[in-house]
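Below, chain A partners chain B and then partners chain C, in two separate complexes.
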Partner chain A sequence: MSKFLNFDTLSLHAGQTIDPVFGARAAPIYQTTSYVFPDTDTASSIFNLERGGHAYTRITNPTVGVLEQRIAALEGGSAAVCTSSGMAATFCAITAILSQGDHIVASSQMYGGNISLMKNTLPRFGITASFFDPTDIDACKAAIQDNTKLIYGELIGNPGLDILDLEAIADIGAEHNIPFMVDATFNTPYLCRPFEHGANITIHSVTKWMGGHGMAIGGVVVDGGNFDWGATDKYPTITVPYAPFQGINLWEEFGPSAFATRIRAEAMRDIGPSMAPMNAFLLLQGLETLSLRMDKHISNTLQLIEYLENHEQVTWVSHPSMSSHSSHELAQKYLPKGAGSIVGFGVKGGRDAGRAFIEACDLASHLANVGDAKTLIIHPATTTHSRIDADALVAAGITEDMIRLSVGLEDVQDIMADFDNGFRAAKRVAGG
Partner chain B sequence: MGFRTRQIHAGVTPDPTTGAILTPIFQSTTFVQPSVDEYLSKGFTYSRSGNPTVRALEMKLADLEGGVDAACFGTGMSAILATMLAFLENGAHAVVSDVAYGGTYRLSTKILSKFGVNYTFADTSNPDDVAAKVTSDTKMILTETPANPTMKVSDIAAVSEIAKKVGAVHAVDNTFLTPYYQLPFELGADISVHSTTKYMDGHNATVGGAVISKTQEHADAVRFIQNSTGTVMSPQVAWLTLQGCKTLSVRMDAQSASAMEIARFLEGHPKVKQVAYPGLESFAQHELSKRQASGFGAMFWFEVEGGVAAGKKLMDNIEVWTLAENLGSVESLITHPVTMTHADVEPAERARVGIIDGLVRASVGLEDTEDLIDALKVALDAI
Partner chain C sequence: MYFEVNDKQVFATTGGKPFDNSKPVIVFLHGSGLDQTFWGLHTRFFAFRGYSVLALANPGHTHSEGPPLESIEDLGEWVNDVLVALDVDDASIVAHSQGCLIALEFASRYPDKIKSLSLITSGLATPVNDFLLKAAESDPTTAVNMMVGWGFGSAGHLHQGPIPGNSMAGGGFKVMFGNSPTALATDLHACNNYQNGKTAAAAVQCPVQVLIAGKDKMAPAKATAQLVEHLNNPQVIRFPESGHMVPLEVPNQCRLVLRDFIFANHPAG
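Here is the complex of A and B:
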């Protein structure tokens, strides 16, 4: 078979070998817990990581494997590990390389769950984090400590939508021999492939645009295969013989996919946040139309921005594609096909008017997800970011009147008509 | 090998590629052919014509029933339809149990009759009535035993004899007892039909059907209709049904034992007028039931004193038991056939065959028997 090189082709074919038994065109759903070994030697070699193969679905599953290879191909990485959620991906990726006493430098504009993980959960295990304003590269540099083992950020900040300067941050990481991990959920590999700009690891909540239909929760960690774990002695989980697997040295044995292998060998085995085969199947279906959906998300987004900018009940609109946005130039550099389909805007009349708007919208669903095929709206200050304090709220770029909009694939005229209703209700509350 | 071993292993072999112990869900429309010359060499082309996951269930059901092959369908009704289409044609005549699932009655009288198929409804529990109703054109006899909802039992061997004499196919709807309790082929029947929705699935998760054939000729005829009409089972449904089948005997035994206790309780209750359960000595065909099946199943009906009004009150107020269509699942269900499952049968016909207005149909599930009896006690006291 010829080499498939382009994105759309990869999104349909990468990672799938046609089922050799029956020739099934779609990837079979291996809804099974375990795999029968042909003999004991094969069994022990699979357990020892001496050969590939399946033993137990917590660790690997053939259907999930197709999704992992497909995402790795789309992202341009060396390997990927799928997890039961995006948060599990973040947790597994961090704990694969950081231990007690280690430190993370992270963007302050992140999904509330990521912030809470680093601020509340990881410190209980001795892993601390410092947060930097993603628009201030010097702040990132200044936050590096002797024990910093990871730089972490979201390419498109949530929900402030500031764009992280990937190359500048990657340079800081390279200078200090620290890997740079990017939460690339909001961009997907279709809009930007962070490894091409120096990032070393990406994670995604594949629940969002990758899956695209709001049907399955899932996450993925993609190993960029471009970080030299052996350059320092800072990453013993990769470079020191790993006792549970008869002292295997992952860096020597697996090289560019050593990091992904560590997650497979440790997190999937000892922690176990595995993706369900059925979810992998549904997510594979979603990936097949990723580029088509992203193009439509983007075109709807641009039309809605124009509509919002011209609406009298709207106080402000924020999207990196707008020349008024502080990240406009970075968006053009890293996201030339479009800067995602999340838009922030303020409703005249503040918090109460914002609430009235959300309640009066009928087509747009009020819920705490993004990246669905359906248009979603939410008030971050009282929902997704409610567990972080007021200062962090400001640092995350959230205002009390802010509505976060995840633009769906509906006919854009219908979304506008729905918003017209919302704004009429908001106007009654705001007065005037 | 014994039934319990076969219900788990028949039809299923570990996936040769990965060793996956369960049959993968081949949710695939089409199958890639190695070459033009090797078309069909791997056995599958298009999921309407065949699907590996559905195939695994078909092999299992054929094995459990003791047939040569099985075909699985989207619903039990499409299984019945395929059976009728396979063995009947314009001008042909069929004899059908006069008490059968309302859907079978509707299919015969309202659909296939339009295409010139002639039906006569016979009391298949009385072989003489069947013998009187067959004609030289009779191509099929369809017996549902025990019948839904009256529980009337038909003598499969006696009806099979009559079918043989006139050269008709004898199809038995074996849904109520499943092959675990009743093996129609050993009694002379030719075809066994199932709504797999019921005990095969057992968990209220799917709708599906199956036709199992004793001979390859019949199996081919059914398969031809299935492929031509496209009434196939989906791979997801087949996969769930494969899992359900693994506990079929265990569920049947537990649910049937529970049904026996509950039927006895109701029989002794002053507010209950009558109970019909083949396991009760009072059941008119108790001896026949014992002779042709190894268990009595988990279906019965009863009538409360006070007629329809009292029956409705009981069904509306009872707890634990759920008022819902379907039967055979782990959840205990009660149904009012006159307004629900058999509403499409004309009132006169219902009355004639014994589907009385106050009949409450019970499908005993897997809950604690004590809880089911307590719930009935409370509901009966409230009448």
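Here is the complex of A and C:
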């Protein structure tokens, strides 16, 4: 082989070595806590990072490893570490390089859990954050402090759907020797590969479109392998000998996968937010059809946007594919195959009408998730983003009447018929 | 660690142990466009078994100060300069691809300074096609793609890797793209211009082993056969399923072969 395998082929094959004993074509589920060492020298070699291998499933597992290498391949990274959830991935990635006294510059338009992590949880450990409007690059630049060690944002903001200007922000990071970490859950590697635009680390909730079936929770951190940790003394967790592993210098010895190795060596060992092998297997099944599903998600999304725009009970519709959206140009640049399948819209009659709409829909599921094969709806202000304050709600692009729609793979005519029922109920509440 | 050679900063990984020239020394030499991280699955093993390890980044490669040296002969002399700078009397050398040509030059010029020589996937010369040479000069992205595409066997193309979660091909890309733009082009020209392989191989006096990959597109069977033919009684080991990147593609098997050879010919303690 001299030519590289393409995306769909990697989705099916990357990372998997055919089982040498039985020849299983599917990636086997290694439902085991631990692994028998052939001899003491091999055991000590694995523990001392002299060689690859598995010792304990909290740290590595062969089924999880297939998923990690597959995602690294699809994303164009050097290494990946899967975690028990997307939030675990974010926490592990941040704490791999930030310590007490350090600072994050983050987009204000993020999932409520991310905002809460940075506003409430991390400050208890001395890590603080400043938030910037993702449409204001100068604000990002201005928020950089001497102790800033990370720039963080979601490519497609949740739920406001503003698009981060990846290259402009990557330039700011490069100028200050600060890595740029992108939560790329909403786009998946099929719609955009942030490393190709200068990002250094990506995070995904694999639970969402990558898995697609809503059966398993999981997260992943992907190391872009493109940040020069040794260019500054700001990242001692990567560049200074690490005592628990006999003074290993990750940057010197692991180079482009030093960051991922730090997560593996510290977070997975000392904290242990591991992905279960069964979950990895389920998520692999989803990943195999990622491009097919994403194309259908996008197709349904575009048809539903047109439907919503023309519906008398809808006050506004927001999606970056719309020319009226403030991020439309950035969406065309970074997401040419489609700007994701989350749509925001308002129902005439405000919050009560919105509630009536949600409760009257039968096919669309009312739940706190996105990226399922099934269509999902929720009222963010009272659910997913209810734990952030009013100012942060506004900064996140959330209004009281907003309904967040995660477009599924059903026949789009059936979704529209379901919504027709919802809007009739909303109209009764709103009057008129 | 950083140290100075010919007034230039040189970077080497020492496998997690401080460099100590009172121990037997193993020098690792990387191939074109790569750096010391190529040896990550080998250096720690020897460093924790009584050896002092130096996985060098050649001049002008990632952390070592440039410019890159333009000939294999100059690089062979530079290896000697490294040993002199660190007050090392002799060393075993483990080399891959272009590193093998450098090692042949060093071994033939300084036979008293080499205890054993391990040559991984190389011939006596490395002719480089014009398209790749030109791409390395003017279109590094294409050149790196060609190097990685040809360098790895099927396991690399499937982004497998011996370290769970790591894509060896992904890592290879990042190292090559992270290097200075001139590093790969200079390396490839140095390989293409090298003509002294036969003479250098015939002059090697130390125990030598040759590791050959069955699916190697960069050092094919005909080229490695010529190397074997001109060396004095080499140990020959074949890895039928590996591509050119043997130390990454079959690291455990490769490590065992290196271990047995070096332990026998250059024992530690």
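Rule of thumb we're sticking to: the second predicted complex is superposed on the first by the 428 of 432 C-alpha atoms of A that agree within 3 Å, B and C clash if a C-alpha of one lies under 4 Å from a C-alpha of the other, contacts with A are read in each partner's own complex, and residues count from 1 in each chain.
Methods note: a residue touches a chain if its C-beta (ideal position, glycine included) is under 8 Å from a C-beta of that chain, and two chains touch if they have at least 3 such contacts.
Note that this is a predicted model, so its numbers are computed, not measured.
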Practice problem: Could you tell me if A:20 is touching chain B, chain C, both of them or neither one (first, second, both, neither)? | Solution: first
Exercise. For A:177, select first, second, both or neither according to whether it touches chain B, chain C, the two together, or no partner.
Key: neither
Exercise. Would you sort A:281 into first (chain B), second (chain C), both or neither based on which partner it touches?
Key: first
Quiz item: Counting residues of chain A in contact, which comes out ahead: chain B or chain C?
Solution: C
Exercise. Examine A:303 and indicate which partner it touches, taking first as chain B and second as chain C; both and neither are also allowed.
Key: neither
Quiz item: Thinking of the overlay built on chain A, is A:50 touched by chain B (first), by chain C (second), by both, or by neither?
Solution: second
Practice problem: Give one of first, second, both or neither to describe whether A:33 is in contact with chain B, with chain C, with both, or with none. | Solution: first
Quiz item: In the superposed arrangement, which partner chain does A:145 touch: chain B (first), chain C (second), both, or neither?
Solution: neither
Exercise. Would you please give the residues of chain A that touch chain B in one complex and also touch chain C in the other complex?
Key: 53-54, 62
Quiz item: Which of the residues in chain A come into contact with chain B in the complex?
Solution: 18-38, 53-54, 62-63, 281
Quiz prompt | Touch list for chain C against partner chain A, complex | solution = 11, 13, 15-16, 35-37, 40-41, 43-45, 48, 62-63, 145-146, 149-150, 152-155, 157-167, 170-171, 173-175, 177-178, 217, 251-252, 255
Self-check item: Parts of chain A lying in touch with chain C, wherever the complex brings them together
Solution: 1-5, 10, 13-17, 45, 48-54, 60-62, 64-65, 68-70, 72-73, 76-82, 224-226, 228, 230, 241, 245-249, 252-257, 260, 264
Self-check item: Residues of chain B defined as touching chain A within the complex
Solution: 14-22, 24-34, 42-44, 52, 239
